[in-house]
Amino acid sequence: MNDPSQNAILLIHCPDQHGLVAAISRFVSGNGGNIVDLDQHVDTEQGVFFMRLEWELASFTLPAAEIGPRFAAEVAKPLGITWRLHFSDERPRMAILVSRLSHCLYDLLARWHAGDLPVEIPLIVSNHETLRPVAERFGIDFHHTPVTPENKPEQEARQLALLADYGIEFAVLARYMQIVSGAFIAHYPERLINIHHSFLPAFAGARPYHAAHARGVKVIGATSHYVTEELDAGPIIAQDVVHVSHRDSVDDLIRKGRDLEQLVLARAVWHHVQRKTLVYGNRTVVFD
Amino acid sequence: MNDPSQNAILLIHCPDQHGLVAAISRFVSGNGGNIVDLDQHVDTEQGVFFMRLEWELASFTLPAAEIGPRFAAEVAKPLGITWRLHFSDERPRMAILVSRLSHCLYDLLARWHAGDLPVEIPLIVSNHETLRPVAERFGIDFHHTPVTPENKPEQEARQLALLADYGIEFAVLARYMQIVSGAFIAHYPERLINIHHSFLPAFAGARPYHAAHARGVKVIGATSHYVTEELDAGPIIAQDVVHVSHRDSVDDLIRKGRDLEQLVLARAVWHHVQRKTLVYGNRTVVFD
Amino acid sequence: MNDPSQNAILLIHCPDQHGLVAAISRFVSGNGGNIVDLDQHVDTEQGVFFMRLEWELASFTLPAAEIGPRFAAEVAKPLGITWRLHFSDERPRMAILVSRLSHCLYDLLARWHAGDLPVEIPLIVSNHETLRPVAERFGIDFHHTPVTPENKPEQEARQLALLADYGIEFAVLARYMQIVSGAFIAHYPERLINIHHSFLPAFAGARPYHAAHARGVKVIGATSHYVTEELDAGPIIAQDVVHVSHRDSVDDLIRKGRDLEQLVLARAVWHHVQRKTLVYGNRTVVFD
Amino acid sequence: MNDPSQNAILLIHCPDQHGLVAAISRFVSGNGGNIVDLDQHVDTEQGVFFMRLEWELASFTLPAAEIGPRFAAEVAKPLGITWRLHFSDERPRMAILVSRLSHCLYDLLARWHAGDLPVEIPLIVSNHETLRPVAERFGIDFHHTPVTPENKPEQEARQLALLADYGIEFAVLARYMQIVSGAFIAHYPERLINIHHSFLPAFAGARPYHAAHARGVKVIGATSHYVTEELDAGPIIAQDVVHVSHRDSVDDLIRKGRDLEQLVLARAVWHHVQRKTLVYGNRTVVFD
């Protein structure tokens, strides 16, 4: 029996071809599912089809456990579809990696605490002790993994072990300020979300606010993206900007930028958790 | 034979029910159509289903003239669907009603002239002679219908006759500054697009910038909406805002507002012409 | 002796007249002060002059305690100037009034904790017990004053006593959801900062997101203002908006609105604390 | 005798020092001038002081022709001030350089025609014949200077001769699509305003919308800047952005970008014409 309050969410991409929408929607309707949300996109240049389909399980005649196998056999395999199936009552387990800045951490914890972010947050990891009291305030385990150039492989191994121990599905780098290795990333492909404090691709790398001030820009931005091996070059999930002027010192840019950073990161995490993001090549489809 | 470069566009709304997407997409796929764009929305509160479907006619086996009747008989009637069919190569005939302010008029004409707005503009109507030279510059017929409280019924009759003579499908009130009567509106339901110079519902009616200044707001806006009998209360198509400060006098608000007005009006007209708007109750679905 | 790292801040308004800038700046320069920030505004319609002047005390020859009296005698009285003097190292004591929603409270506390908001926060007051644990997490006294229509005068008297006991300079209504009486406001003129969850003057009063959804707007907003007797009609300090669409349910508006609310409230509080706000009539001058 | 409706505008920058505001404002007040606008900025990092001062000449006791010499002798020389003097009734002569895209040209001409841009526009220059009809519509001389890699020095010489013949004070590159030489720029330092179709420094150079699409950004922008020898690296006057999504093809980015380009360019030109811009190093002070 399906939980009647539960929805199924199907994320799909495949080469574009005739009849995809009809075939996929027939699978849902034919088994008694009521579609409550359908987002679809075709990248006509590259000929790729994307879809996010959400339907009510209350009236669905297939048990939850059979949906995946049946969809695979009847639809996905014949049509060459890559897919992921989620359920609306999942609460993915999320870790937060931080350094010494607290604003993004507080913002995520406040959203989680208010019930606005349907995740579990069992683990905070940091290369500094600074934010341990924040973790303790929220009753979340805090582990200190002091990374240095010399011990990076060991510390990353410790971090990976922690993530595994806590059953972490995805991790958020909330101004973590450390470059994670390709080996680390390989364990969490499309499951590490970073916030960079500039409107990428401008001002990648260190000290973007100083660079923005030196260039005399009139807008500053923040960018949240999935982490890939190339620094600050992963698929962008969310970006936003704010106007600035000659009156803003570097410190003002940093202050105004903090508000952007926490907002943009929270939006990216929310879309990720709502299973509204799809990555292809170095780009994202973000349904909203 | 269908024009191979042409697409068909179907706009649909109906009571939400199981199997809609499957039934509609099967009609297209089953006749050889390749869906290039599908937007769908369900208003779960009111239980209304909306869809915009665009498909290539190159491979479609039904001739263009038969699509409507066949869709009506096979899909729309059985499922209680309200629909409109358009073709991507249509260039709807649009009139512009103006008063004395030129910025929105120039903006629309410049877009049309650059090929960015796929419409015909055979007619400009005004209650003043002021902008006749602008119409002449662009080689567009200009008719002066000087409305006064006394002669309004006659002048509106003249205007309606002009719109009919020129085969006008829809009209844009580009800072027309006159209230059009319910009788007039009844000839062009959901086909009169107005721009109001405030973020409605704030500051409806006359002199919104003066009212905004007096209230000391920190943002001003502009709103484009379909005209209905109640002043400035029709379904909103597009809105945008800009930040202002204590430094901005009423004249500054008017100047900054002009940029908003022409931008917001152009967006609304573009979405209307792209057949991306659906009206229900006093609200719109605007796909983008 | 002045603290050499300290600045003096003078906030001024008066009827506009010849020679004001010269007279005021001569007072500062003539006593050895180095102006580091000067903001000036003239409301030409109403003939009012506003200024915010910040200068370094390191080289200033007047002791801090004499600045006010000397400025009053030599400049303010002769020219009819209304003024306030502040010092950059003041940390005003701020209370937070809340109800059951935590997002604005968390946001303010996180900013305060990170050192981004130079205030003391000794007191949180609420008509519900809900957020006591948040106060406790941050080690801040929490007082429960359960207001009902019947006991409102007594509870407000208790609240005023608390504010007095804790030496509160100004208070923030962080989604407090209660209307405060004129008697209460009279104790804190221009020192009660509220956040309203709409772009005022649209959707004043209760349930603005429901009203915005019903009206079908394409932008929603938030407004922070000084509290006055007329509900949601006080001088606006900060406003911001976010785009929404037909896809957004009332719940989505509430979710997106929360981000706006905390951001706009934080900006208003920051400007207030930086002594960058001046109220006149029902409007504000907010230097930035 | 001064024209009583005229204002004087003084633009100033110099090393920061004690007493600047007092000395400068005393010059104005001491000669009977009523300051109507004063903007001041100190770059504390580099120790540079900037000011824009506007005062009414109606009551000013110095004749317009003597203001400059007297200010130089009494204030500027003793304090090492760099300055420019303007009068509010000047209508600077502006040329527009275009290529084949019409939107920025139309926008500037519409603003000029409506009286929103207080300039004379006697001359349009282009490397293509395409926009000659637009110039003719507005009764403006159009000169065709077909630049090729081979004839660039000669064509630029022709262009410079045209600018000189028409008494041009500054020129706007309204999507001119040609790189102007250092020799050309040297004739119009800080008087060539370009619009680049990206949020610089991201996507400098050719085809920025294609690059933005390939990178998968979620915002696109436009930047107006003074032209310097290094391509797209001059001092930024104005920038703005718009949100985009995966649904936007390159053509959509180009379409949305056009609106930004004309808006941002118009803002930059407006500020330049209002004498509200100051350049220092590679940055600008833009008072507003």
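We call the chains A, B, C and D, going by the order they appear; numbering starts again at 1 in every chain.
Note that a residue touches a chain if its C-beta (ideal position, glycine included) is under 8 Å from a C-beta of that chain, and two chains touch if they have at least 3 such contacts.
As the structure is a prediction and not an experimental result, all values here were calculated from the model.
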*asked:* Counting residue numbers used by both copies over all numbers at the interface, does the chain A-chain B contact come out same (over half shared) or different (under half)?
replied: same
_Going by average Cα coordinates, which chain is farthest removed from chain A?_
D
_Whole-Å gap separating chain A and chain B, where each centre is the average of the chain's CA atoms_ = 37
*Using CA atom averages as chain centres, what separation in Å is found between chain B and chain C?*
42
*Of all the residues in chain D, which ones touch at least 2 other chains?*
44, 243, 247, 288
_Contact set on chain B toward chain D in their complex_ = 101-103, 106-107, 109-111, 113-114, 116, 137-138, 247, 255, 258-259, 263, 266, 288
*Could you pull out which chain D residues touch chain C in their complex?*
18-22, 25-26, 28-30, 32-40, 42, 44, 59, 243
*Where on chain A is chain D touching in the complex?*
41, 43-45, 50, 199-203, 215-219, 221, 235-241, 243, 245-247, 249-250, 281-286, 288
